[in-house]
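Notes to accompany the following structure.
Residue numbering begins at 1 within each chain, and the chains themselves are lettered A, B and C in the order written.
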Amino acid sequence: MTAKPSAPVHLLADHTTPLIRSAWYVVARSDEVTREPRACDAMETSLVLYRNAAGQVVALQNRCCHRSFPLAHGKLEGDAIRCGYHGLLYAPDGRCIEIPMQKSVPASLRVRAYPVVERKPFVWAWFGPPDAVDPEALPHPDWLGHAGWDMYIGYLRIDASYIHLHENLLDLSHLSFLHATTFGTPEYARAPVELDVQGTRIEAWRHVECHLPDIYSVPLGWQGQRARRSSGSCFVAPGLHVNTGYLRNLEGANPQPEPTIRVAQVITPIDRHSTHYWFAGCRNFVRGRPDIDDFMCKAQFAAFAEDQFAMQQITRLEAIDSAAPVVEAHIPTDAAGIAMRRHLAALAARDAAG
Amino acid sequence: MTAKPSAPVHLLADHTTPLIRSAWYVVARSDEVTREPRACDAMETSLVLYRNAAGQVVALQNRCCHRSFPLAHGKLEGDAIRCGYHGLLYAPDGRCIEIPMQKSVPASLRVRAYPVVERKPFVWAWFGPPDAVDPEALPHPDWLGHAGWDMYIGYLRIDASYIHLHENLLDLSHLSFLHATTFGTPEYARAPVELDVQGTRIEAWRHVECHLPDIYSVPLGWQGQRARRSSGSCFVAPGLHVNTGYLRNLEGANPQPEPTIRVAQVITPIDRHSTHYWFAGCRNFVRGRPDIDDFMCKAQFAAFAEDQFAMQQITRLEAIDSAAPVVEAHIPTDAAGIAMRRHLAALAARDAAG
Amino acid sequence: MTAKPSAPVHLLADHTTPLIRSAWYVVARSDEVTREPRACDAMETSLVLYRNAAGQVVALQNRCCHRSFPLAHGKLEGDAIRCGYHGLLYAPDGRCIEIPMQKSVPASLRVRAYPVVERKPFVWAWFGPPDAVDPEALPHPDWLGHAGWDMYIGYLRIDASYIHLHENLLDLSHLSFLHATTFGTPEYARAPVELDVQGTRIEAWRHVECHLPDIYSVPLGWQGQRARRSSGSCFVAPGLHVNTGYLRNLEGANPQPEPTIRVAQVITPIDRHSTHYWFAGCRNFVRGRPDIDDFMCKAQFAAFAEDQFAMQQITRLEAIDSAAPVVEAHIPTDAAGIAMRRHLAALAARDAAG
């Protein structure tokens, strides 16, 4: 235990904090974006996504600037999309380029175009000012989608603030309780957490010698054997958290390279009270086995559904408990979450200022 | 294209504009009003409707002035209605005329009575000040319910502003897109719209030579033949819009009189975000054929369900898109809709002043 | 008819009046509270209820002071309850006594503990300031749960203000109308109501000679015989109303003691717009007959479901009828209800002042 919470509460982001717009967020899985337009509600707005003829992803404001019909119910014509209500045609840069029954189109007629970057298996969009788009800030890690790793992807919609989700992911102490029957093991409750919080690096690590939970021991064939498990939770950006796990068998042979888990926890606020949540679990062991992909995805889904339940219950209580003052006590294991919330509050303030 | 939008946006009625109370609105089909009391939610209030012993329609505030129980759950006694909670008895003029266990009734005890006019197939009610009731303003057209026309009636509840519906009906340009597979024909997209906007006359006309859509060609037996189709959209009052269609076969024989369609689009706001919508389709051809009534009603229902979908999608986007500024660009084909919205804004202002 | 309404409307409590916190309310049936934690939403907050090892009921704020997870999803350890999210352990007095991975616990970490009194068949909780808990104010009557009476208990959730329910119960005049086919009898409509309103005693009585409704005549075997029925409605406290009925056969033999009905109408606001409603019907006749318990409970349930319907309809109309001014006329039979509402308004004012 190396850090203590010290921030005044009012400097910590919570579900009342404005969303952080100058950031990248995933708006779809790559394989969901095709030549059929598709809507994605995100960041208190709605986008339409499609691929142009060359296969590049286009992301536009979903709301026709004429009478607000969703463009996602329109049709593609080459690289452009035609509104399904009155037929206005939009270029991939958002400009309206044709109005039926009208010769010229005022230059001001347009919808917002969102800068997008596709990095399989995801499509990222920039929600900040277009002239401030920052490709360097794209949080997509190299290993995600890389051929060196096998991967599964799950999805949950969480009707709670994305900040609850970030906090949940940074906090390793809940595994022994909320996930007692899925991820947690008795040894976890007794293992110290090492926090590494410096500037924008916000990480929490735990090193445990234990019997691994089924999600790891079954694929590795290590049931009943003790192993060393090093688990890290790392805040990366408002739209991404990464979990890392290093596993070493203490009783039997160890494969090469060291069995490693990396989970991209992809987090996109729909609004301040609901969140898209994709989890992409990557491993460097027992490869080329779709049955193991399925097994691990289902196990992780079960655990994350427990998190979903917890966050939605909290959100429900926050709404019911209108008579009580808001109380939020902190404990040392919250230090990483508090650092994250202080960081998000600062980003929100920067957004508001800029 | 004869008109251009010119009104400043803030003079155009939209879903935030107060409802226009000094007007007539349909509250039921005639055949729905019987000796069994019936509720109708309309104009941000609730009415109870019933027939007195002589068969005349009575429309009262649905809310007992004692403890607010809906009178529609009460029982008729002759011409009067008795509340089902504590038994207060109301005369058709709204006065409370009996309180159980009490000898006299204070003169002030009453519910509001709404002036009603029954013109089959509908019952109209006046929602403005009772002393300002204006029978001349009743928008019921002579042909509607007249023996010279065959008729079907459909109904949809639309969870969107009634102003979106008026605008939709005045706008012929969306037929080629939203109704591409139902009402629209390829020739429609190329035909000019003639707007006739003078004072409170707000009409849009289109004259097209085309293959008629099935809804007309099947009853007339004109499939595969070219016809001239003149379509008019006419705003009549906050509670009524009329569509007219004149059809002439260009390749074969034409019946007498000229095949004509008139659709009474009956529009009653429930509140600013939801709307009753009855459509009464009348024709002067292929008469006395209930099977043709059914065929045309189903075809129209399919098309109007597309409008319902569009308006509800727009309403949903308006709610989601809280982060974006409200944008509403106008195009020349909106001129009739803009004139209508300017007119409704003026009526709302007159309501507020009076 | 001995009393007249005279209070100005603004001194009468209604659904906008703050809930009265310095009072006792039932939070569960005794048999619902076990060694499995259980939530009860009440009084604009949420409680967790459980029994300690000695069988005494514990009532705590349901919201962990750390991250607001509901303790009702936690687990008991002896007399304490451990939060299911991060494992904080709370003593029955609400103090946090253990935080996993941490040696000491700040004294300020606690959830609110609610004083509770169990009087079978119910558990009462005090929602006012803990240091003002007033055992004398506990409204549990001696006969309720007493071996001298047979009892059934029913439950309804009512999506309306608890004040509507109190008013409904004090008002005997609606029986002839709303309950015409269940409780009401034709003679009821003609019987005078005697109001006994002095200070905080708020009672209404009716004495009728009639054929009893089935709920009484069937168990007593008095079908077709005339009887005297004295019915009293008594406001006791914000959380309790008591109905009393004395029955005497006018045509046949009468058992000893005099057949008497007492119904504890247990009323707990969930918030200002929804209400828990338990009804415990007690009788001193035809005893030891579970089939009669069932018969009477079902009959009463049918009648109270009519009240539920009425109150929910009223609440719906109050919401729809936004355009109309709020009107509430009073009639003489409202005197008891008005006295109750004046009393509740005074209690709410006392709460706010103290």
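Following the convention adopted for this analysis, a contact is a pair of C-beta atoms (placed from the backbone, for glycine too) under 8 Å apart; a residue touches a chain by one contact, two chains touch by 3 or more.
What you see is a predicted model, and the numbers here were worked out from it, not measured in a lab.
Between the two copies, subunit B and subunit C, the Cα superposition rotates by 120°, quoted to the nearest 5.
Counting every residue number used by either copy at the subunit A-subunit C contact, under half are found in both chains. The distance from the centre of subunit A to the centre of subunit C, with each centre set as the mean of the Cα atoms, comes to 47 Å. Counting partners per residue, subunit B has no residue that reaches two or more other chains. Within the complex, the subunit C residues that touch subunit A are 19, 21, 41, 43-46, 61-63, 65-70, 73, 82-88, 96, 99-102, 106, 108-109, 112, 271. In the complex of the two chains, the subunit B residues touching subunit A come out as 1, 167, 171, 173-174, 176-178, 189, 192-193, 310, 313-314, 317-318, 320-324, 327-334.
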